[in-house]
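Look for chain A in each of the two complexes below; its partner is chain B in the first and chain C in the second.
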Partner chain A sequence: MNEYSLLLPLLLPLVGAICLLLGHNSLAFQRVGGVACASLTFILSLYLVYVVDQADFVVIQVGAWEAPFGISLVADRFSAVMVAVSSFMGAAVAVYALGEIDDVRLRKFFFPLYLVLIFGVNGAFLTGDLFNLYVWFEVMLIASFVLISMGGGKGELEGGLKYVVLNLLSSIMFLAGAGIIYGQTGTLNMADIARTLSMTPDAGWVTSSSMLLLVSFGLKAGIFPFFFWLPASYHTPPSTVSAIFAGLLTKVGVYALFRAYTLMFVPIFPQVQPLILVLAVLTMVTGVFGAASHFDMRRILSFHIVSQIGYMILGLAFMTPLALAAAIFYLVHHIIVKTNLFLVSGMVVRLKGSCDLAKVGGLLKSAPWLALLFFIPAFSLGGIPPLSGFWAKFAMVKAGLQIESWIAVTAALLVGVLTLFSMTKIWAEAFWKEQPADVDAQPLRNPAGHFAYMVVPVAVLAVSTILIGLFGEPLFSFSERAAAQLLNPQEYISAVLQSQVEVLP
Partner chain B sequence: MKYFILKEASRVLFPALLVLSLVVLYRGHNLPGGGFIGGLLAAIAFILVGFGNSMKRAKDLLRLNPVQIMALGLATAVLSAVPGLLFNAPFLTGEWLPGFSLPLLGKVHLGTPLVFDIGVYLVVLGFVLHSTFSLARLADIQMEEEKS
Partner chain C sequence: MEGLIAVLVGVLFATGTYCLLRRSIVKLVIGVILISHGANLLVFTSGGLLAGRPALVPSDGTVPPAPFGDPLPQAMVLTAIVIGFGLTAFLLALVTRAYEAVGDDDINAFRNTDT
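Up next is the complex of A and B:
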């Protein structure tokens, strides 16, 4: 039965996309089907978390081909929680899409592509095979290429082009890194690679392949110095699309980095650790400075993705049980909060026709409830207690203090303050100040759907960040269990390679 | 602009290419061929009719909408994964019918991998024709603009 708990959250989006393609003439069917399928995926992913927490691992050898030869699908606690939180975003943003995505986009297969995107993201979290991870990346990217440039406007195509080129570059690096590993170890199964590498005496090719994968995953995750494509493209498509990208796509890169350095490249991690630490600190700092220098709501939020990614990578660089638990907690918190902020920016666009901070203002008076809905995720991102961001940052800083990494801790605290500064900038400009008299800010004409479709998911996400802040204990202890699993790769290896077939390198 | 030779040739080549595509599809499990190449061959048959005769004629011959063909193909591929589950084997496990002999084809061995290949065949056919028809429509629009 465990097998189904892993298969269903993976297959359901694909089956949903097929059904939507078959019924592509009815827009009502597209809307209802898209939301229903995304919500059902979320419910099933919760079941996966439950099963994995009971059983430690769920492993499927697809097509009954034994582990090092076939493709394994593996769910440990870390991947299960990632699937759950990304499916949660999938469901929330699908509802939001009802309010923002117009009929033209729906006719261009918005919802089937959206479901394929979720399919790709969930697949990337659940695969146990390095090349298969590449395939899932491609599934996800091809759907995202279309979603980002669907409008066909000049800005969208420009942002889309940067996005496509940089991601293809990252795919090439990935293939090169995976190719070196395959050429030297003769296997692509991540558990088997980990086993082989642990027996390989220090070899140059291990470092070079790990660096290629670091660059590739880093490009996708948006870490320093590879993040420049992200703020250049995320503000162009509709908020629905940039919200789901902001929530999910970079986190798949982060997930892959964690998987690579807690499983495959454990033997060389001590050499790589200083590099990852430096990258993490620089990512945090450059991201937050970039945000401070911008004046468009969505550009500011895009730069904050970069700086927050730094915190997660910092957890990886510390590599202590507390730091990894904090990083996992941070991932969950960040996905929810960041998606929420992008969704709020879409509501500002809807009410004022723009989210350029110079052009909007007076929202506190005209829409006080929207101010509240912005306030919660924004100050959660800034790390104000009792919201979820406080506990995430607190745990990360505590982990840093434990291993006495003073510079990184200082940077983390400083970046927290600067994050708060740019959140107050949005607050002061968009909400507090009067509407500039010389700018005629009109609500969007011909909105696609009822405004309530946009309010409900934003409110649900805001409530969940409060709940994580107030009752975060179960989630944090789950993160600790997940971190313990990550720190003990031997369990993962033996769960995947049950039959222990001897493979010649 | 219609070419007489192309038009007459497509009349013969259309069924021939379709049969060839099915042969390639069937032998694909162990020999060169398979759903992808078969799908491309079948798409070429329709494109040939489209160029030689008209895209409308090709669409009529296809009957179904290319998007629906893609969706059917995906559905077939997913369904081919299910029999494995019914026999308590992992997802996507190949299940085979007992082999039997037929005149002409020789020993016939049918199983879910062939069903999966049929799915691929349909997806490729639908995708290629969907893009061709869209491009041809753009070209028609452009030509009309130039005329006027």
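Up next is the complex of A and C:
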């Protein structure tokens, strides 16, 4: 039975996308089907987390080809929790899309593409094969390319072009790196690569191919100095699309970095560690400075993705049990909070016609409930107790203090303060100050759907960040168990290579 | 043979990078195509090249005779070529639309979303 728990979160979005394509004439079917499929995927992914937490690993050898010859699908605790939280975002944003995505976009197959995106993201989290990971990346990218440039406006096309070209280059680097690894080890199964590399440690090509993968995954994750496409493109599409991109796509890059350096490249990690540490600190700092210099809500939020990615990479660079657990906790917290903030920015656009901070104001008076819905995720991102961001940052800083990495800890704390500064800037400008008299801010004309569709997912996500803050212990102990698995790659290797080949009926 | 192809891969990466650094968006597309072909060739060669040793099982055996060319990189390259072909088609369409929207093929005109 276990194998179904792994297959269903993968197959369901694909089947859903095909059904939606077949029924493309009915927009009502697109809406209902898209939301239903995304929600069902979320429920099934929770079951996957439950199964994985019981069984430690769920492994499928696709087509009953024995590892390392066939493609293995592997779920450990880390990938299971990533699948669950990204499917959660998939469900919430699908509901939000009902309120924002207009009929024109729906006719251009918005929901099928959206489900293919979730399909690609879940696949990338669950695969145990390096070349297969490349294919999942492409599945995810093709869907995201269309989603980002779908509107056909000048900004969308321009931002889309930058996004497409840099992500294509990242895929090419990945392919080259995977090719070199295959040429030298003769295998593509990540567990088998890890096993082979641990027997041939100090070869020059290991470092070079690991650097190619670092650049490729770093480009996708948006770490310094590869992040430039991110703030140049994420603010151009509708908030629904930016929100799902902000929540999921960069995190797939982070996930791949974690998988590469806790499994395949363990033998050379000590040499790479200083580099990753420096990149993490620079990512945090440049991201937060970029955010401080901007005056448009979504551009500020885009730069904050970059700076927060730095915290997660910092967890990888520390590589202690606490740091990895903190990084996993941070990933979960960040995906929820960042998606939520982008969704709030879409509501601001709907009410005021813009999210340029110079043009909007007075929202505290005209929509106090929206102010509350912004306040919760914004100050969670800034790390105010008792919200989830506080515990994430607290654990990360504690992990840094334990290994006496003073500079990184100082940078992390400083970046936290500057994050809070950006959030208070948005708060003071958009919510607190009076509406500028010389700007005529009108609500959007002809909105696509009822406003309640936008309020409900935002409220649900805000409540979940409070719940993680107040009752975060189960999630944190789960993160600790996941981190223990990451630190013990031998378990992963033997789970994949020695798993019984089960023939699926 | 590998040495020759290694040089070719280097030339493709170099010319591709050069095209990427030019200011025209059409050359941007050409650059991406060249680099992706370079990566495909790299993967193709990575398994080692053996002339005239196909991985064919003789009718009276169960395994191909000892040194045989590895077919897996070729399968991988085939996948990568197909993906690259689709993405290039999309990129060309996107570049055309972006050119129509911005009205210029100079990269310097594409700075509206940056700052």
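The definition used in the following text is that the second predicted complex is superposed on the first by the 497 of 505 C-alpha atoms of A that agree within 3 Å, B and C clash if a C-alpha of one lies under 4 Å from a C-alpha of the other, contacts with A are read in each partner's own complex, and residues count from 1 in each chain.
Note that contacts are C-beta pairs under 8 Å (C-beta built on N, C-alpha and C of every residue); 3 or more make two chains touch, one makes a residue touch a chain.
The model shown is predicted, which means the values in this text are computed figures rather than measured ones.
By the touch criterion defined above, A:Trp432 lies against neither chain B nor chain C after alignment on the C-alpha atoms of chain A. Looking at the shared chain after the overlay, A:Ile60 reaches chain B, while chain C stays out of its contact range.
When the shared chain is aligned, chain B comes close enough to touch A:Glu3, but chain C does not. Ranking chain B and chain C by residues of chain A touched puts C first. In the superposed pair of complexes, A:Gly160 makes contact with chain C only, with no contact to chain B.
Using the contact criterion defined above for the overlaid structures, shared-chain residue A:Ile18 touches chain B, although it does not reach chain C. Of the two partner chains placed around the shared chain by superposition, chain C is the only one that A:Leu168 touches, whereas chain B remains out of contact.
Of the two partner chains placed by the overlay, only chain C lies in contact with A:Val135; chain B stays clear of it.
In the superposition on the C-alpha atoms of chain A, no part of chain A is touched by chain B in one complex and by chain C in the other. Those residues of chain A that touch chain B in the shared complex are 3, 7, 11, 14-15, 17-19, 21-22, 24, 60-64.
Those residues of chain B lying in contact with chain A across their complex are 67-68, 70-72, 74-75, 78, 84-85, 89-94.
On chain C, the positions that touch chain A within their shared complex are 20, 25, 28, 32, 35-36, 38-40, 42-43, 45-48, 70, 72-73, 76, 79-80, 83, 86-87, 90-91, 94-95, 97-98, 101-102, 110, 112-114.
Contacts from chain A toward chain C in the complex involve residues 131, 134-135, 138, 141-142, 145-146, 149, 152-155, 157-162, 164-165, 168-169, 172-173, 175-176, 178-180, 182-184, 186, 188, 231-233, 235-236.
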